[in-house]
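Take a look at the structures below.
Both complexes below contain subunit A, partnered by subunit B and then by subunit C.
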Partner chain A sequence: MNDFRMPSLGADMEAGTLVEWKVAPGDRVRRGDIVAVVETQKGAIEIEIFEDGVVRELAVAPGSLVPVGALLARLEGQAEATDAAPAPAPAPAPTPPPAPAPPASMAPASLEPPARPRVTPAARRRAAELGLTLEGLHGTGVAGAICLADLPQARPLRAGGFEPLGMRRAIAAAMGRSKREIPHYYLGQSVDLSPTLDWLERLNAGRGPSQRLLPAVLMLRAAALAVAGSPELNGFWKEEGFRPGEGVHVGWAVALRGGGLVAPAIHHADRLPLDALMAAMRDLVTRARSGGLRGSELTDATITITSLGDRGAESVLPIIHPPQVAILGFGRVAERPWVVDGAVVPRRIVQITLAGDHRASDGHRGGLLLARIEALLQKPEAL
Partner chain B sequence: MTRDEILALVADILGGIAPEADIATVPGDADLRDALDLDSMDILNFVAALHERTRRPIPEADTPRLVTLNGVVAYFQTAGP
Partner chain C sequence: MSTTAPPRTTYREACRQAIRAAILADPRVFLMGEDVGRYGGCYAVTKGLLEELGEARIRDTPLSESAFVGAGIGAAIAGMRPIVEVMTCNFSLLALDQIMNNAATIPHMSGGQFAVPLVIRMATGAGRQLAAQHSHSLEGWYAHIPGLRILAPATIEDARHMLAAALDDPNPVLIFEHIMLYNMEGELDPAVQGVDIAKARLRRPGHDVTLVTYGGSLFKTMAAAETLAAEGIEAEVIDLRVLRPLDTATIIESVGRTRRVVIVDEGWRAGSLAAEVAMRIMEEAFFELDAPIRRVCSREVPIPYAAHLEQAALPQPETIAAAARGLVRPSA
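Our next item is the complex of A and B:
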C-alpha cells in the first residue's frame, strides 16, 4: 500500500482544499493521471499521481482543508494490484469495476488525530460557512491561533479562482526567500532582433491569424535550446547543493489581469518545434488565467523566463524563483540606432537579461548562455 | 456590418478573452491593451476570433488598426478585399 499525500505546490504552501476527486476506489491509475483538484493560493490546481497502481481508499472528502504532507489516498502499487485487483483478462475486457459507494473512511476524521487548534471566533464562523476543517492549518494569530487571514476568502474574486491576498502572500514568500538566500549575479545583453522579426513577419504573412507565431515563441525557443547547453543554470539548489534538472522545463511567467503572476512549466521546452511551442504557450496562458494548471506545472520548472511583452519596460533585472538557480528576462523590443558594417542603421533591439545563483554558477557561464541565445536568434530559419 | 453589430461582436469575443472586462466602459479611442490589460497573446486571439467570425482575411500588418473599438468598427465597415 502506498500513501498519496498532499503535495507542496509552492514555497509557502501549507495546506490546500480538496475540491474534487477525479478517481474512485478501484480505479486503476497511471503515473501522470490527474486524480484530484486542489484549491491553493495559485487557484484550482489539478493534482497528478506519481506512480501506477489501483486506488484503494480516499482518505479525505471534498471540501476538506488538507495540510501539505497529509494523507489524501492510499493505493496499491502495480505488483500488489495484480493480486488484489481483478487480473487483466486475456481478451480485452476494459469494463471498469462498478463505482463502489464512498467508503466510510472518506470522512475527514481519518486524518491523523491532530491537536485541537486555537481558532478565533470569526475564523471558526468563516470556516463553518466554507465547510472547511481547521486541523493542520497553520495559524498566524496570537499564540498560533487560526484567524480570518488564514482562511480563504468566502468566494474566489477572479474567474481563475485566484484569491488576490493569497497570491500576494505566495509571491512574497517566494521572492522574500530568494532575496534572503540567493546571491544573485546579473548580466544583460542588447540583441538585434531584426533578422528574427523580419523572418517571422514573412512566415506569418502566409498564415491565418490562428496559425501565426508570436515573437515571444522565438525567444522562448532560442532560450530553451541555449539552456540545454548550460546545465549549471538549469536545475535546483537543494540543501546538499546544486542538482541539475532532468530536462529543460521552462517556467513561463504569466501576468494575471488585476495583479499577480504565476510561472508554470512548459515541459521539455527545448524539444518542441515552434508551432508546438506556440500551442503549448497558448494553452498554458489560458489555463493560468482561467484555472486548471497541473501540480507538476507548478513544481517542475528548472529555469524561468519572463518576457515583458510589447507594452513592458525595456529591460528587467529578474528575481530567481527558488529552488531554481537562474531566470532569463526579455524586455520590450524597441527600434534603436545600431551599427552594422560601420554604418548606423535603425534596428529592433531587445534587452536580454539573466539573473544567476552564484552558488551554482559564475557570470562567465551566464555570459556564454546569453551569447548562445543571441546567436540562435540571428538564424531564425534554423529554430 | 453596422457599428452596433460590430461592437456586439467585439464584446462577445472580448468576453471570452478577458471575462472580468467590461467593454461598455472603454472609450472608442482607448487602446484596448491598456484599457483591458491585454497582452500580445490576447490580441492575437482577438484577431483570430474576428477572422473566424467574419471570415474576412486579416493580414498581420493590419493588427495595429484593431486595437481600439473605433479602429475595429472602421475596419469592418469598409468593404473587405
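Our next item is the complex of A and C:
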C-alpha cells in the first residue's frame, strides 16, 4: 500500500484545499492521471498521480484543507493489486490458453451493477462544464437526485480560478525570497528581429487567423533551443547545490486579468516544433486564465520566460522564480535606427535580457546563451 | 374615488364593453348566439346591448350550435366580422364539425381565397356545481387544431381588449372565458388601449419555480404563489393567454431562470395542454431543468356535482403550492 500525499505546488505552498476527487476507491490509475483538484493560492490545480496502481482509500473529503505532505489517499501498487484480485479459475484443460484475466480493478467486490445516480439535467450539464465528477455526491433534489445545489461549488469553480489576495501573497513570498537569497546577475542583448519578422509575416500571410504564429512563439522556440545547450541555466538551486533540469520545461509567464501572474511550464519546449509550441502556448494561457492548470505545470518549470508583448516596456530586468536559476525577458519589439553594413537603417529591435543565479552560473555562460538565441532568431526558417 | 385611480369594474363588464366597443367601431361586426339578446346572455355578459344596439347587431339564434356557428362562418367569408357566442364550450361539441372542418380549414383549402375572420366566444370551466355535462374545459382540445387561434383571457384587461385583436385577425379565433372569472372585480387601466394576442405574460416574477397556467387557474396560481412567498419560495407565474399558437419562448426563458416548472391546467391531465407545455420544455429546455416537471390538472373524473367533490377534483391553491414546494424543497 502506498500513500499519496498532498504535493507541494510551489516553494511557498503550505496547504491546499481538496476541491474534488476525480477518482473513487477501486479505480485503476496510471502515472500522470489527474486524480484530484486542489485549490491553492494559484487557483484550482489538477493534481496528477505519480505511480500506477489501484485507489484503495480516499483519506480526505472534498472541502478539507490539507497540509503539504499529508495523506490524501492510499494506493495499492501494481503487484499488490494483482495479488488481491481473485485468482482466475483454473482452466479444466490447459491446452487452449485461457483468455487473459481481466485487470485487477475490473474485478469488483460486488457483481451487481452500481445504481445509476439520479442527476438533474441542469446539474449534469453544470458538472460537465466545470469538469466535476458526480461520484460520491449526496443528492437532495426530487427523488434524491443530485441537483445544482448539491454540486461542490455553487459558484463556478474556475471562473477566474485565482483568488487575488492569496495570489498576491504567493508572489510576495516567492519574489521576496528570490531577492533575499539569489545573487542575480543581469545581461541584456539588443536583437535585430527584422529578418525574423519579415519571414514570419510571409508565413502568416498564407495562413488563416487561427493558424498564424505570434512573434513570441519564435522567440520562445529560439530560447528553448538555446537553453538546451546551457544546462547550468536550466534547473534548480537546492540546498545541496545546483541540480540540472531533466528537460527544458519553460515556465511561460501569463499575466492574469484582474492582477497577478502565473508561469506554468510548457514541458519539453525545445522538442516542440513551432506550430505545436504555438498551440501549447495558447492552451496554457487559456487554462491559466480560466483555471485548470495541472500540478506538474506549476512545479516542473526549469527556467522562466517573461515576454512583455506589444504593449509592454522595451526591456525588463526579471526576477528569478526560485528554485529556478535563470529567467529570460523579451521586451516590446520597437523600430529603431540600426547600423547595417555601415548604413543607418530602420530595424525592428527587441531587447532580450537574462537574470541568472550567480551561485549556479557565471555571466559568461549567460552571455553565450543570449548570443545563441540571437543567432537562432536570425535563421527563422530553421526554427 | 380619486380622479387618478383607474376605474373598478368586473370581468363580465369588461367583456360587455369589449363587444359594445367592437360593434360601435365597425359596421361589419355583430354578435349572435343563444339568449344573447332578450335574455342578456346566459352569464349576463350582453345584458342591455340589444336595447342599445338593436336586433341587427345583437341577434338571438335558435338552439342549434351547428347552424349558427356555420352561419357565422358564412358571414365571415362574405365579409362580415361576426362574434358568435356559444353559451359554453360544453355545447360547442355540437358545432365541432363547423369549427374544425370548416372554420379552421377553409382558408387553407381555398388556397387563401377565403379568409374566415370569425370570433367565437364561449364560457369554459367548472366550479359552479353545473355537474359533469356543463363543467368541461375544452380549450386544450381546440388548441390541438391548426388554423385556429385560441385565447384564454384571465384578467380584466385581457377580457376588455383581446376581442378587438381577435376581430382584426383574418383567421378564426376562439375566446374561452372561464365562468368563475365573470364576477371578478378589479381595476382597468384606461391608458391601455389594446393588447396583443401572441404572447404569454409574466404575472409575477420569481426565481425558484415557474408556475405556468392560464384562464381560470391564474388566480388560484397567484394565490399559491402568495402562500409560497410567505414560506420564502419565490414563484414566477406565467399566464399563457394564447393557447394556440403557444408562446414557447416566454416559457423557456422562465425555465432558464428557475429550472423548475409546475403547469396548472383545469383540463384533464391525459393528453392535456399541460402535457403539450411540458413536452415543449423537454424539447427546448431539457438541460435547464433541475427537477422533474410537475402538473396540477383536474382529476380524471367527470366533474362531480357535489360542491366538496367538485372542489376536490379541480386544481386549488393548496395543491398548486404543494406541487411547487415539492420541487423546491423536496426533503421538507
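Quick note on the criterion: the second predicted complex is superposed on the first by the 309 of 383 C-alpha atoms of A that agree within 3 Å, B and C clash if a C-alpha of one lies under 4 Å from a C-alpha of the other, contacts with A are read in each partner's own complex, and residues count from 1 in each chain.
Here is the rule we go by: a contact is a pair of C-beta atoms (placed from the backbone, for glycine too) under 8 Å apart; a residue touches a chain by one contact, two chains touch by 3 or more.
Just so you know, these numbers come straight off a predicted model, no measurement behind them.
Once chain A of one complex is fitted onto chain A of the other, the partner contacts of A:216 are limited to subunit B, with no touch recorded for subunit C. In the superposition on chain A, A:274 makes contact with neither subunit B nor subunit C.
Partner contacting the larger number of subunit A residues, of subunit B and subunit C: B. Contact with subunit B, but none with subunit C, is seen for A:311 once the two complexes are overlaid on the shared chain. Of the two partner chains placed by the overlay, only subunit C lies in contact with A:123; subunit B stays clear of it. By the touch criterion defined above, A:147 lies against subunit C but remains apart from subunit B after alignment on the C-alpha atoms of chain A. Judged by the touch definition given at the top, the superposed model places A:257 against subunit B, while subunit C stays out of reach. Legend: residue contacts after superposition of the two complexes on their common chain; A:208 is shown touching subunit B, with no touch to subunit C.
Across the superposed pair, subunit B and subunit C touch subunit A at no common residue. Here subunit A touches subunit C in the complex through residues 120-125, 140-143, 145, 147-148, going by the rule given at the top.
On subunit C, the positions that touch subunit A within their shared complex are 259, 286-292, 326-327, 330-331. Taken together, the subunit A residues at the contact with subunit B in this complex read 158-159, 201, 204-205, 208-210, 212, 214-216, 255, 257-258, 281-282, 285, 309-311. Note for the complex: subunit B touches subunit A at residues 18-21, 33-34, 36-37, 39-41, 44-45, 47-48, 50-52, 57-61.
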